[in-house]
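Note that the chains are named A, B, C, D, E, F, G and H in the order they appear, and that numbering of residues resets to 1 at the start of each chain.
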Amino acid sequence: MSTQPQDNGRTASPPLQIAGRTFSSRLLLGTGGFTRMQTLDAAIEASETELVTVAMRRIDASAEGSLLDVIRNRGVDVLPNTAGCFTARDAVLTAQLAREALGTDWVKLEVIGDERTLLPDAPELLVAAEQLVDEGFVVLPYTSDDPVLARRLEDVGCAAVMPLGSPIGSGQGIANPANLTLIVEAAGVPVILDAGVGTASDAALAIELGCDAVLCASAISRATDPVAMAHAIRHAVLAGLLARDAGRIPRRTHARASSPLVGMPEFAE
Amino acid sequence: MIYVNGEPVDTRAQPTIRDVLVERGIDPATAGIAVAVDAEVARRGVWPTRTLEDGARVEIVRAVQGG
Amino acid sequence: MSTQPQDNGRTASPPLQIAGRTFSSRLLLGTGGFTRMQTLDAAIEASETELVTVAMRRIDASAEGSLLDVIRNRGVDVLPNTAGCFTARDAVLTAQLAREALGTDWVKLEVIGDERTLLPDAPELLVAAEQLVDEGFVVLPYTSDDPVLARRLEDVGCAAVMPLGSPIGSGQGIANPANLTLIVEAAGVPVILDAGVGTASDAALAIELGCDAVLCASAISRATDPVAMAHAIRHAVLAGLLARDAGRIPRRTHARASSPLVGMPEFAE
Amino acid sequence: MSTQPQDNGRTASPPLQIAGRTFSSRLLLGTGGFTRMQTLDAAIEASETELVTVAMRRIDASAEGSLLDVIRNRGVDVLPNTAGCFTARDAVLTAQLAREALGTDWVKLEVIGDERTLLPDAPELLVAAEQLVDEGFVVLPYTSDDPVLARRLEDVGCAAVMPLGSPIGSGQGIANPANLTLIVEAAGVPVILDAGVGTASDAALAIELGCDAVLCASAISRATDPVAMAHAIRHAVLAGLLARDAGRIPRRTHARASSPLVGMPEFAE
Amino acid sequence: MSTQPQDNGRTASPPLQIAGRTFSSRLLLGTGGFTRMQTLDAAIEASETELVTVAMRRIDASAEGSLLDVIRNRGVDVLPNTAGCFTARDAVLTAQLAREALGTDWVKLEVIGDERTLLPDAPELLVAAEQLVDEGFVVLPYTSDDPVLARRLEDVGCAAVMPLGSPIGSGQGIANPANLTLIVEAAGVPVILDAGVGTASDAALAIELGCDAVLCASAISRATDPVAMAHAIRHAVLAGLLARDAGRIPRRTHARASSPLVGMPEFAE
Amino acid sequence: MIYVNGEPVDTRAQPTIRDVLVERGIDPATAGIAVAVDAEVARRGVWPTRTLEDGARVEIVRAVQGG
Amino acid sequence: MIYVNGEPVDTRAQPTIRDVLVERGIDPATAGIAVAVDAEVARRGVWPTRTLEDGARVEIVRAVQGG
Amino acid sequence: MIYVNGEPVDTRAQPTIRDVLVERGIDPATAGIAVAVDAEVARRGVWPTRTLEDGARVEIVRAVQGG
C-alpha cells in the first residue's frame, strides 16, 4: 500500500481539480512507447495515475482491442489526444472522432507545427481550442512555454494548459524555468507540464516551480525499466509537492552555518 | 467505388456504413471505434442506414497507444 | 507504514554500506537549525534517516540533555562532526572528544578554511583525515567538489567522501554536476552529497548523478515546515534512486514522437 | 580608426543582408532609455551601428525635434517600431503612420500580449506581419523564441525574424539557447537576437549560436556608462562572429592536455 | 593598427599588473597544440598577447630551436610551466630547470593529480608554491576553482592565482561562476582564468565576472582557424573588460519597457 | 468639436488638418510627423484640403526614443 | 587558578577533574560529555584521580544540535 | 655507464657534462637548455668541469610548445 494518499494528506495544497473533477494523483501517463501491453499495465499501477492518454488512428484487421481493456481494468480514465495533426481542422475532427469512439469530451489538444521538433503551432492551436470549447469539449492544450499563448488558451476557455518543458521525447527537462514560472503566476487554470521530462528530478522541479501536475510518456515508457521509472516519477511528483508546500529555504550567495558558532572549545598550545 | 482508410474499395451500389464495417470484418458493435465520412463524423446511430455515395471517403479509427 | 522499504526493494542498487555497516536509508539528517526539539524529533521520523549529525560544544549550566535522548529514542545513530574547526589539530581533538563523549569512532570531519563560505581547507582536511584514520576512526570528510581531493581522501582511508553541492546553507543545489560526476566515477567508497541542497529536486538529482546518499540540514531544519520537507526529501532520494536504476532515456536535441506516425486518418476537403 | 572593418574582413561570413540591403555592422541600437541626446549620439558612434530603432508617439508642444537630427547626422538609418501595440490593427496603423512620418517602409513589428512581460502575442503578430508584408513593408518582427512561430513569420514574407533571448530590459541573456539554435537552423532569413542582452558576453554568445545580428537597447542605454557599453558590445558581436567562423573546439567531458605527454624528464630519488 | 590600446584607454580599470610588471594585454597564450610554428607566430600577433607559456621536455636530436625564436621575434615574454608534474618535488625541479634554461624566474606552476581530468592536486600544489616563492620565483599557480585554496596560494606569496573554468582542453567554459566570483571577491592578487575556455563568449564572461586576465591554449591552437580565434578572443577579452567597467544593467525577473508607455495614439473603432 | 491626440478641441466648423496643426503651433512642413483621422492615415498631401467632421478623432504622431 | 571552558576559576589546591565537574553542578556520571585538559583528552576513568595543576586549561564539551 | 634522458650511455671514465652534450651533438652554447644531474640542477657554469660518476642520471631539457 502506498504512502501517496497519506503523504498527500500532509500537503497544504488542495487536490488537483480539472473542469470540476478532482484527482488525487498529479501524474498523467502517456501510453505511447511501451513495447508490451503488460508493461503498460504495470506502469499504470506503479504510477498511480488516474488519467492516461491515447492517440486515434486508422483501425486495422490485426487490431487487438486490449489497450482500452487494460486502461479500464485499471479503473483509470482515458484522455484522447490529437497527436499528428498539423491544422486546427484536422485536430477538431480528430477530437470529434475521439469523443464518438471513447464517449469522453475531454481532449488533449495537439496541433503540431514542425515534424522535427513537434512544437505546437500557436495560431492553429488557438483556433482549434476555441472551436472545441464552443463544441463543449474539455480542452487540455499541449502548448509551448510562451506565457502569453498560455494565457490566450485560458481566455478561450481551456480547462488547463499543458506547456512543454522541452521537445517531446527529448528528455532535456525544463529548458526555461523562468517562462514556466511566468505561466504559473498568471494561470487561473491548472498548469500541467507536458513533454521534456527525462527523469525524476525533472518532475520534482516542475511541481516545485508551481505546476499542478506532470504528464510523462517517453520518460517512463522508454526507460530501461519503465515500471521502476513509473515508481520513481510518482515519488518525485509527491516530493515536489511536499517540498513546495513545505516552503524551501531561500538561495543565498554565501554560506549559513548549520552548527553553532559559539561555544567552541579552545585548545591552548 | 469508395475509399476506406485511404484504400479504394469496390462495393455494390450504395452500401451502408454498417455494410462497410462488416465487409472489413469489423463488428459494428465494437466499442472504441468511430467513423468519419467525407470529413464529417458519422454517429454510431446512423451506421445501419447511412448509405455511401460513389467516391465517398470513409475513415474508421480507434484508440491506439500514444501521447 | 512507508513504501520506502518496499520501493527500495524494487531498486537494482544494493543497500548503502559504509565501513561495513548497512543502511536502508540514504538520507542523513543534520540536527542544526531546528528551533524546537519536538520538530527535530518529528523530522527524524519523517525523514526515516538512520544517521544524524551533532556538533561538540562547551557544556553550560542551562544544558537540557534532551538532544541525545531524542536521537536515541528514535533508534538512530549519532554522527558527531567537527564543525567550526579551522585546523587539523582542532578537528582531531574535537573528534577525540566526541568519541569519548558519545562512544562512537565515526566522525564527520570538517576543517573549514573561510568563515564566509565555510568551504573546506583541502590540505588541513587531508592531514586531519589521515591522522584520524590512523587512530582508528571511521572518517567521513566534508569536502569540496574537487575530484582529486576526494580521491586523496579515499586513498588515506576515509570510509566515504562527502562533497558539497554548493556552500553550506546556501540552498543553491548542485553548482557543478560535472565535478560530482567525476567524483562518483572515480570513487571506491560511498559518495554522500553534503551541503547545498535547497529542495527535493536537488536531492533527487544528486542521487541520479550517482551519489550514494544525501545529507540535509538547513534544507529541512530551516524550511517553513521542516517535517513536511523531511517527507519531501525522503521521497526525492527514493525517486532519484529508482530513476537512476530504471535507466533514464538519453537527452536528444530534437523531438521523438510518443504517438504513432502512421495510420493517421485523412480528411479530404 | 576601428579594427571592425578589417576584422570583419577576416571572417568567413558574408556581410549581413536584410531585404537586399547590405550592412557591415551586426549591431542594431534601440534609442530608448538614453537620458541625454548627447549620450545617444556618442553611443551610436561607439556602437558603429547602421540601424537604430525609434517609437511613434503623440507629438507635444515641448517637442524638441533633435532625435531624428542626431540619427541622420550620424548617417544611420531609422527603424520605427510598433512598441506598445496590443493588437494587429494598432500595429498596422502605427506602421503606416511611421512610413508616412519617416519615409521608410521598414518596420520593427511589435505586438505585445502582456504588459508585465512585454512578450509577443503570437497570433496577432502573425496577422499583422502578413498584412504589412502585403502592403509592401519590410517587416522585422519581434518574436518569442518559438521556432515554429519564427518559421511562420518567415513564411508570410518577413525580411528577418527577431527572437528574444529573454524579456525586454530583463538583462537575463539567452534563456533558452536550444530554441535559438532551432530557429537559426531552420531560418532562411536573417535572425536578429532582440531583447534580453544584459552584457557583452550575451551578445557574443548570440552570434556564436548562429544569430546574424543583435539588437540592444537597455543593455547599452541603461548601463552606468552607455558609451563604454556600446564599445563593449560592438567588440563582443565582432568576437562572436570571428569565433563562430573560426570553428570552436568541441566540448569534452574530460581533459585534453595542451602540453606534450612524452619527453618528461625523470628525477631519480 | 588595433583599437585595443585606444579602447583599453576607455576602460576605468588600471592596466593589469603582476609582480610589479604592467601588461596592456589581458590575454595569455598557451603555445601547445599549434600544428605549425607559422600558425603560432600569426596567433601571437593576432592575440596581441605579451606572455606565452611553454613546457620543459627532454631535448632530442631533431630539435628545431625555432620556438623560442618565434616567441622572442614577436617581443613577447615566455612563461614556462610545470605541466605533467604530479608531485611538488618534480614541479620544483622543473621550475628550477626552466629558470636555468630560459633565464626567467616566472613560472606557471602546475601540479596535476589525475591524468584523465588534469585537475590540480591541492596539497602538493601548495607545498610547491611555498617552496618556489621561498626560492624567489614569481609563481602563477594553475589551481581549481576552490576559493579557499586560491586564498592559501595567495597567502604563501603567489603573484597571481590561475583558477580553472573547467578541465584543460574541455572547452566547457566556466562550470561554476559562483566559485569564480568568490575567488575574485577575496583575491588580493590578479586572478587569471586558466583552462576551460572554448570560445569567445567564455572569455568575455570570465572578465565580466571579475577575472583580471584569461589564458587560452586549446581554445585557440585547436580551433579550425587558430588565428581567427585569436582575434576573436582578443576582442572578447576587451569586450568583457569594457562591459565590466561600463556597469551592466541588473537582472530583472520581469520586463522593463525600452519605449515610452505614455503618448500612445488611440485609434477609435 | 473634434478630438486631437485624445483632447476635445472646439473649432470653427470643418477645419482642415492643416488648420488643426497650425492651431497647435505645429508647422505643417515639419519633417517626421504623421496624422491619422478616425483610424486612417491622412497623407501629407491632403492636409490643406481634408476637412474634419464634428467628432473626428485626429492623432498627430512623431518619432521618439524607443525600442 | 585554572581555566574551565575559558573562564578563570579559583580552586583549592590541585582539584581533580571530578571536583571541577561537581563544582559546576555537572554530575560526572552524565552521559555524552567529555573533558580535555591542556589540549589532551582526559578519559572518563581518570576524572576522580587526575589532579589539575595551576593554570590548567579544562574544556568540558557535550553534543549539541549541529551539522 | 651513465643515463642520459633515461637512456644508458657507455662513456669513458668520468666525462664532464660538457662532454656528454657534445657527444650527443648538442652545442653547449645553445640557448634555452638546462641540465639536471641526479635530480639537481647543474648550472651552465659547471658543465665544463663537473664530472659524472658511474650511474649518474643526467636530464637535458629545453622549452617545447605547451601550456
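What we mean here is this: a contact is a pair of C-beta atoms (placed from the backbone, for glycine too) under 8 Å apart; a residue touches a chain by one contact, two chains touch by 3 or more.
Just so you know, these numbers come straight off a predicted model, no measurement behind them.
K.L.:
If I average the CA coordinates per chain, which chain comes out farthest from chain E?
P.N.:
So the farthest one, by centre of C-alpha atoms, is B.
K.L.:
Could you tell me which pair, A-B or D-H, is linked by more C-beta pairs in contact?
P.N.:
The comparison resolves to A-B.
K.L.:
Please pick, from D-H, A-B or A-G, the pair whose interface repeats that of D-F, with more than half of the contact pairs identical by residue number.
P.N.:
Answer for D-F: the repeating interface is A-B.
K.L.:
What's the distance between the Cα centroids of chain A and chain E, rounded to whole Å?
P.N.:
Chain centres of chain A and chain E, defined by C-alpha means, are spaced 46 Å apart.
K.L.:
CA centre of chain D versus CA centre of chain G: separation in Å?
P.N.:
For chain D versus chain G, the centre distance works out to 72 Å.
K.L.:
Return the distance between the CA-based centres of chain D and chain E, expressed in whole Å.
P.N.:
The computed centroid separation for chain D versus chain E comes out at 30 Å.
K.L.:
When the C-alpha atoms of chain B and chain G are each averaged to a single point, how far apart are the two points in Å?
P.N.:
Those two chain centres are 94 Å apart.
K.L.:
Mind pulling the residue numbers of chain C that touch at least two other chains?
P.N.:
30, 32-33, 55-58, 81, 83, 93, 97, 117, 119, 172, 178, 217, 253, 258-260, 263, 265, 267
K.L.:
On chain B, where are the residues touching two or more other chains?
P.N.:
Correct list: 5-6, 36, 39, 59, 61, 64-67.
K.L.:
Okay, in this complex, where on chain B does chain C touch?
P.N.:
5-6, 36, 38-39, 57, 59, 61, 64-67
K.L.:
Enumerate the contact residues on chain E facing chain F in the complex.
P.N.:
Those in contact with chain F are residues 258-260, 263, 265-269.
K.L.:
Given the complex with chain E, which residues does chain D contribute to the contact?
P.N.:
Contacts found on chain D: 1-4, 7, 10-11, 30, 32-33, 55-58, 60, 81, 83-84, 89-90, 93-94, 97, 116-119, 167-172, 198-205, 208, 217-219, 221-226, 228-229, 231-236, 238-243, 245-265, 267.
K.L.:
Mind listing the chain F positions that touch chain D in their complex?
P.N.:
My answer: residues 5-6, 24-26, 30-36, 39-41, 43-44, 59-67.
K.L.:
Considering only the defined contacts, which chain C positions touch chain G in the complex?
P.N.:
Those in contact with chain G are residues 30-34, 40, 53-59, 61, 63, 65, 67-68, 78-81, 83, 93, 96-98, 100-102, 108, 215, 217.
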